[in-house]
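The structure that follows is given in the form of structure tokens.
A, B, C and D are the chain letters, set down in written order, and residue numbers restart from 1 in every chain.
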Amino acid sequence: MTKLCALHEAVTRFISDGNLIYASGFTHLIPFAAGHEIIRQGFKDLVLARATPDLIYDQMVAAGCARKIIFSYMGNPGVGSLRRMRAAIEGGKLDWEEYSHFSMISRLQAGASGLPFMPMNPTGAQDLAEQNPNYRQLQDPYTGADVVVVPPLIPDVAIVHVQRADVNGNAHVWGILGEQRLAAFASQHVILTAEEIVDEAVIRSDPNRTLIPGMVVDAVCHVPFCAHPSYTQGYHDRDNEFYLAWDEISKTEESVQDYLDEWVYGISDRAAYWEKLGPKVHQRLQAGERLSEPVNYGDY
Amino acid sequence: MTKLCALHEAVTRFISDGNLIYASGFTHLIPFAAGHEIIRQGFKDLVLARATPDLIYDQMVAAGCARKIIFSYMGNPGVGSLRRMRAAIEGGKLDWEEYSHFSMISRLQAGASGLPFMPMNPTGAQDLAEQNPNYRQLQDPYTGADVVVVPPLIPDVAIVHVQRADVNGNAHVWGILGEQRLAAFASQHVILTAEEIVDEAVIRSDPNRTLIPGMVVDAVCHVPFCAHPSYTQGYHDRDNEFYLAWDEISKTEESVQDYLDEWVYGISDRAAYWEKLGPKVHQRLQAGERLSEPVNYGDY
Amino acid sequence: MEAINYNQQELMVVNAARLLKDHDTVFVGVGIPNLACNLAMRTHAPNLQMIYEAGVIGAQPSRLPLSIGDPSLVTGSTSVCSMYDIFTLYLQRGNVDVGFLGGAQIDQFGNINATVIGDYQNPKVRLPGSGGSMEIAAWANRCYIITPHQKRRFPARVDFHTSIGFLTGGNARTSTGVRGGGPQAVVTNLGILKPDENGELVLAAIHPGVNFEDAQANTGWALKKSADCQPTSPPDREELRILREELDPGRIYI
Amino acid sequence: MEAINYNQQELMVVNAARLLKDHDTVFVGVGIPNLACNLAMRTHAPNLQMIYEAGVIGAQPSRLPLSIGDPSLVTGSTSVCSMYDIFTLYLQRGNVDVGFLGGAQIDQFGNINATVIGDYQNPKVRLPGSGGSMEIAAWANRCYIITPHQKRRFPARVDFHTSIGFLTGGNARTSTGVRGGGPQAVVTNLGILKPDENGELVLAAIHPGVNFEDAQANTGWALKKSADCQPTSPPDREELRILREELDPGRIYI
């Protein structure tokens, strides 16, 4: 039973105002196309969770989609700060809930595992825990030592970009894995975007590569170049020039609005966006080829 | 810096009488050759931990290597019971510590993660917890509900069989994964046995397939067919006939002794064992070929 | 109509298969449960999702698997994951609809003993132990048990709770906080037992040619009969053909 | 002997590289720490193991990585794992010898603030936050900090403890139960600060041409000098050649 549908349709069907959304991907596979579609459809009051909000959430905050962010590192990776989000927080216009990377991911691990909390060893850093009541302490019942715990994070919708998937949502993922798998299992609904839709036989040729099984996926959307300006390992490179450019664009609300008008509201979908980027950018971001050595599963 | 050495050498160097050993592999990749080597070298008072003791621990118990087993399912998979281990327990000659699969693996997860315990949801089954003081209860600090916890398992030595590894111990594993990765990370020392030793370039062609990194591995041993009568996905099939035969052999101490004399004490190493099995068995256990579809990592 | 012959294994497999629903996600064991799932998939439940405890999802084995970790389960499957993941991401997270359970003893409230006969510390008969069944019984939405109907297998109380059914009945199970619904049916060679509103196993269906007294004689407690107890339909030709010709032509389990 | 010219970034990279030992397993960031690790690997520490927070082990990037998740870190690496695994199996398990840390403020006891200037709930300047640094500071065996030496970066007390050094000194750190040894050195453009026996950062080495007063003037507490404070050796030709020709020919970080 195919779950294939257009991205705009999946966003309409599975996302509602006020939802807790987790658009996953640690520097890699960040589903920008889905973020842009959410902006285009004008969703409001979203709670946006991501370990690293990256430019995608900076843009969604700037577009007025969010009432709150949940995060563990709010920076423009390798460049500097996320200016719109920072301004919104400093201006008292955006609610936030903050973790360290490990406690953020531990929340997903608890959510994905169906557990009421995950334990962590103490870090000695109390200031954040004092500001965030989700951090609690327990005593190790074996030694009496302190243990820090965080509760599960169970997003309404995870958006997960992958390299290749079949129409049932069974997905092969490689390169940096971040929290892709945990976000999918933790969430109530999963929108999967894929660089390629492949025959089930391709997936079945390498089941150990299937990190996300179709049974947790609600919609499968074929969205090549979904991750630009971040990247998809083996398909296209990270557009570092855009990460630098955003540092300029995001300096004022006006230039951000101009950007959104031109690159989000002004276009229909990711195919149009990619075409608009033009052949020079396409060429600059080519990935080249380094194939994995196959493995034999045996003809049992 | 190569860690390559002969299996008998690795066993001599890293195992001592009284050690807690975890020979990992859930039905797949069970390192029989290492078990036989431990028997040949006459180790005593070992604590043998494995979710599923399988024939390998039945043989080691019969050979007098063990003072205690830690397990969660003590059966001959698909056949029946493990007669020697069962007789030793019923006869009061073997100490044991028992878990469910999930709590056994949670102990490894805690050990591998450096955590003081892992939480689990309650199962309502109290009888085992009453017999095993390692099961403890906590209250979920968010809801007050009961949570069951188990402490880390940190074996002295893990023995892990893999399909292919480089001389540094970076290992590709596929097929049923069981607790291979956790056992390696949880243990103080790791003896890796590999079906093939490959060039580092093969490993580096597919880093997402490397489930065990060289940094946790102490010795790398080239041991083709290490897992017989269990199997190695893509290399040889499971020898179900032997699993059935063991049910007969293990009926008496005498027939077990005869088996050990002929197949363990009477041979020098796995190569001799495999040769002794003969061409008919070799042919019966052939794996055939079903290759994975390669993935592109990109030439960055 | 010509009588159709079948044996007791076939009878149990067919009746177990009929309990499965299309789109169910099932934790499958080897042997009889595996046959029941594959039969359901080839008849009324083409979208059944099979998960194996060994970490395999969507298996398409080219032969009858002889162990829970058979390599033929892996080749051509849709996904393989670690043991920790299968118990957390799938079972504990609530992604498993149906689990199959077995054991040496099943009692009046569907509790199972697969651990020990006699005293735990000084066992008379040491059995294999829980494996995954402690968690499957607690966390799968529904559980089924397939077992021959013999008095020694159906004591009033189990010697040891390896995995729980409804404990002592009433709200005893729900008060433990487990998420799953517990055993929904025990398929035997005589009929089908199901829990009544108090969690007690009662005779809910009876196979052709069996009478209530047969069932009572092979049960270790005063067996009740449910108000709507009906005879089961015998295995039909197509079910038997699939079982015998496609699923287990070597007659290993049937 | 002819004088060798170098800039402050080169000076810091070279001095940081020298702190690494052969066979160290290092949690590497991008930028200066990445250069320091690669320099060490090409000089005295050929068996250095580099781990990236993004889950990459044994990277062999064909270009200078511009982000912590650069695709060139992945292609040709020995292993890639999930974020949860990198923090548990590697960092929390104790498999990381060295971590590099940074932040807007480093105080007298090596505590770091990368979260906020001013009040947390009403921030004057909102900084990126912890990322992985809270755990790296606690659980890596040793930590190093590389930063320009400026008074505003070295207050006596940080506004917010994003990650800890020695807290208030004495046994304050060890009594929290963290496993790692804490910050072992802060490499600046003026010299190297190291914790004394009380955990207070003192001037332990001083770069050529710098005097103690320069360091004091740029430090927000009454800086002490360790008894064995020595000048550092200037970067040598080979170190500079590797940096300039092999590691960062585009002069992005140096």
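Just a few scattered comments:
Note that in this section a contact is a pair of C-beta atoms (placed from the backbone, for glycine too) under 8 Å apart; a residue touches a chain by one contact, two chains touch by 3 or more.
All figures in this text were calculated on a predicted structure; none of them were measured in a lab.
Looking at chain B and chain C, the chains in contact with each of them are A.
Distance from chain B peaks, on a Cα-centroid basis, for D. Averaged C-alpha coordinates give centres for chain A and chain B that are 37 Å from one another.
Spacing of chain B relative to chain D, judged by their CA centroids, is 40 angstrom.
The geometric centre of chain C is 58 Å away from that of chain D, both derived from CA atoms. Shared interface positions of chain D, i.e. residues touching 2 or more other chains, are given as 56, 70-71, 74-76, 80, 92, 139, 179.
Shared interface positions of chain A, defined as residues touching 2 or more other chains, are 114-115, 120-121, 145, 174-175, 177, 181, 208, 233, 237, 287, 290, 297-300.
Of all possible chain pairs, those that touch are A-B, A-C, A-D, B-C, B-D. The touching residues of chain D, when paired with chain B in their complex, are 25, 47, 49, 56-58, 60-63, 70-72, 74-80, 88-89, 92-95, 139, 179. Residue ranges of chain A in contact with chain D, taken from their complex: 26-28, 51-52, 71-75, 77-78, 81, 86, 89-90, 92, 98-102, 105-106, 108-109, 120-128, 131, 145-146, 174-182, 231, 233, 237-238, 240, 243, 287, 290. Within the complex formed with chain A, the residues of chain B that make contact are 114-121, 136-138, 140-143, 145, 147, 149, 151, 163, 172, 174-175, 177, 202, 205-206, 208-209, 233-235, 237, 287-300.
On the side of chain A, the complex with chain C involves touching residues 1, 112-115, 168, 170, 181, 185, 200, 203-204, 207-208, 210-211, 213-216, 297-300.
Every residue of chain D that touches chain A in the complex is listed here, in rising order: 30-31, 53-56, 66-71, 73-76, 80-84, 87, 91-92, 115, 120-135, 137-139, 160-164, 167, 173, 176-179.
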